[in-house]
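Pasting in a structure now, in structure tokens, and then I'll have a few things to ask.
Letters A, B and C mark the chains as written, and numbering starts fresh at 1 in each.
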Amino acid sequence: MRLRLLTERLTSLWFLCLSVVVMLLTAIVAGALVHRSLPILRRHPLGALLGGSGWHPMQDQFGFLPFIVGTVWVTVLAMAMAVPVCLLSAIYLAEYARSATRAVVRPLLDVLAGIPSVVYGLFGVLLLVPLVSDHIAPWAAKHLSFLPGATPREGYATGYCLLTGAIVLAMMVAPLIISIADEVLRSVPVAMREASLAVGATRWETVKHVSARFAAPGLVAAVVLGFSRAFGETMAVLMVVGNVPMAPRSVFDPAYPLPALIANNYGEMMSIPLYDSALLLAALILMVTVLAFNLLAQGVLVIAKRRAAQ
Amino acid sequence: MPHISVRDLTVAYDGHAILSDVTMDIPDRQITAIVGPSGCGKTTFLRCMNRLIDMTDGARVRGEVLIDGANILAPDADVISLRKKMGLLSQKPQPLPMSIYDNVAYGPRLHGTRNKRQLDAIVERYLKLSSLWGEVRERLHAPAARLSVGQQQRLCLARGLAVEPEVLLCDEPCASLDPTSAQHIEKRFVELKQDYTIVLVTHILRQARRLADYIVFFYMGELVEHGPAEQLLNDPRDERTKAYLSGTIS
Amino acid sequence: MKWRLLEEKVFRALMILCLGAVIAGLALIVAVITAKGARSLSWEMLTQVPKGGYYLGKSGGILNAIVGSLALAFGATALACVFAFPVCLYLQRDYAGRSRLASFVRTSLDLLWGVPSIVYGAFGFTVLLYMGMRASLLGGIIALALVELPIMARAMEEAVRMVPQALKEASYAMGGTHWETMRKVVLRQALPGILTAILLAFGRGIGDAASVLFTAGYTDNLPRSLLDPVASLPLAVFFQLGTPFPEVQSRAHACAFILLVIVLVVSVLSRLLGSRVSKYSLR
């Protein structure tokens, strides 16, 4: 009997300890990154680092602007492609599809979400890069020359560019956005949908005026989570985006996102002073941005759940 | 000629019959109460009348429901005009996620009324008809979810009436209401039957006694007996109806 | 009226088109990687480590990367399990109640779930430096476990939470302690879900490249100890694709194919296991 109680005490205590460790983990990771990026922050003001556009570590010049701009562009472009497609797909799954269809599609989405990023990257290299350089870029040069950001600059039509990175990224975040949006839409009460149908609304009108409105916070959260996932994705983008450290001026320009900067240089930075601190600052910027977005999404989801519970 | 007539209506779900071979006529401009123990197919019957049954995966419907001679179960039937014709009041009031005004104006807007003054008039008229106007006239643009449950149910009635249906399908509309709100709704029904055919699903016998002109008794997916309220309540023919009325089965 | 029905039809078609495109994307990825990868796959590749001149196109295989990846993923999954399982038991009402701590732990897990794996890689590397170690199997396992922990914990908690309260109460009513109830009732009831969570994390772990990039290193040898550097499949894809030789690049395709097969097998396995082990669970 005493042994049983002792076991009970010990396991409870053990669970508690591990939980506290997990709780502190976020802070530990963030704290370590802050600690290691302090050296560069002491030398240069944060504003100059974030706003500077020259990247010459040998000359003690660390401007993150091109990388930040590259990250933002590739992410925004990817989301612009992914969001409409994902939301429409999720609406179909949640509102139209029969349960037999759902039973097939949901596992496929899980598979899609589980494919490693290097495989996406390789897919991009094998199929999308040639597609963009041989077909899309020449076509855009011919037909879209009136659009400032849509034509390739001379000599840069390699296919390793923003557009390719964004397509790969869009494919990667699609299963995540669809899954969350589908779940959120399924939480719309059936009776509410039927109330709208019963006065003679079509299904699409019901989605537009009732389901989407009711589920709006959750749909926003799905998009925000997709955005933050895309923001930090490294390998797949790195493999197709070109990695030239300058701010892109067209979708056919190469870009150099922050994660790629870290991945490409982290091994060989020991000899240059502050280089390692600069890269950890880059990691910190990534982490802070992503955490901010995730907190936002979590907050919105809490509101959504409260609404659904009403 | 009867407004609604049901011919051999059978509904099966995964091969398991929920309704079998229901045949009857529903009288015009009267309150028809459908009674029976829970799980006897009352709600399924109602859902066939406005084809909401289409939303249920795996439900197979056979037979005919003729409204003014047209079979609404035909695959090419115009479901949208059908649903416009058949107002629905569900068990639990389900306001749409918008303001009180927009809830009532929802149907008319969909069906093409855009004029602000016309909409105002419609909203006022039907909120009055469902005796909610006095309580909400000052806050028409407040979210409908803030109303009490009783008020919400009357709002749903107004929303249903606003598309000018000919039939009202009511699925235990008082089940989740407090006694006062339930009384409100019942009073409305008695007035509304001047202009509408009302089909009322209920498992409260006393409610059927109070309101119904015509009563239909379902038991385990089968139409057991139907007839004028007087006759069915006082002189039931079937043993099962007798047992139900005396409270032996419920 | 016509217009409304048209709108309905147009959007419905658009939705089907979108969902079809997403599914077609999946099919296209699998098809392209299989077509390119299976062609350059050989028995030799699966059974040998790289020999001299391998990266110039000479003979050898990628056994080092296969073994390395499996070692990394198994190690990391085990390590993540050690944390994830107790923590999600703790998050149940039986232990934590509705405490502030539980909600902090949940928030922390949600945030960790969103942290990009490159950040874990960078963090892992600084920890290695701090401890005076170099890139090694152990370092890779730690970084990868950080990536897997929130994925596993989230799926596991879902499974554990599904255990009906009444079932647990039946055990408490007979005088069972929390721990006994967890071990004998919750674990058994939630086992399919827990295994699915573990396999899910394993699948993510084996494919993750960014976290092991600096922490696990890369080598042509098979790992002998936890402190040796190891190769991994994702990095094998990445590095070999970066060489200018077509022979080596085609080996990268083969590596990606192997990786894809492993991930797909794990995914199918988790579905099969889920239904197999659920023999004793109530529904």
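The criterion applied here is as follows: a contact is a pair of C-beta atoms (placed from the backbone, for glycine too) under 8 Å apart; a residue touches a chain by one contact, two chains touch by 3 or more.
All figures in this text were calculated on a predicted structure; none of them were measured in a lab.
By number of C-beta pairs in contact, the leading pair of chains is A-C.
Compare each chain's C-alpha centroid with the centroid of every protein C-alpha atom shown, and the nearest one belongs to A.
Mean C-alpha positions place chain B and chain C at a centre distance of 52 Å. In this assembly, the C-alpha centroid of chain A lies 18 Å from the C-alpha centroid of chain C.
Chain geometry summary: the mean Cα position of chain A and that of chain B are 48 Å apart.
In chain B, the residues that touch at least two other chains are 80, 110.
Residues of chain C in contact with at least two other chains: 4-5. In chain A, 202, 205 are the positions where the chain touches two or more neighbouring chains simultaneously. Chain C makes touch with chain A in their complex at residues 4-5, 7-8, 11-12, 14-16, 18-19, 21-23, 25-26, 28-29, 32-33, 36, 83, 86-87, 89-91, 95-96, 101-102, 104-105, 107-123, 125-127, 146, 149, 153, 177-180, 182, 200, 203-204, 206-210, 213-214, 234, 237-238, 241, 252-253, 256, 259-260, 263-264, 266-267, 271. By the touch criterion given at the top, residues 98-99, 189-202, 205, 209-210, 213-214, 310 of chain A touch chain B in their complex. On the chain A side of its complex with chain C, the touching residues are 4-5, 7-8, 11-12, 14-16, 18-26, 29, 32-33, 36, 84-86, 88-89, 91-93, 96, 105, 107-112, 114-123, 125-127, 171, 174-175, 178, 202-205, 225, 228-229, 231-235, 239, 259, 262-263, 266-267, 279-280, 283, 286-287, 290-291, 293-295, 298.
Within the complex, the chain B residues that touch chain A are 50, 52, 55, 57-58, 80-81, 83-84, 86-88, 90, 92, 94-98, 106-107, 110-111, 145, 156, 159-160, 162-163.
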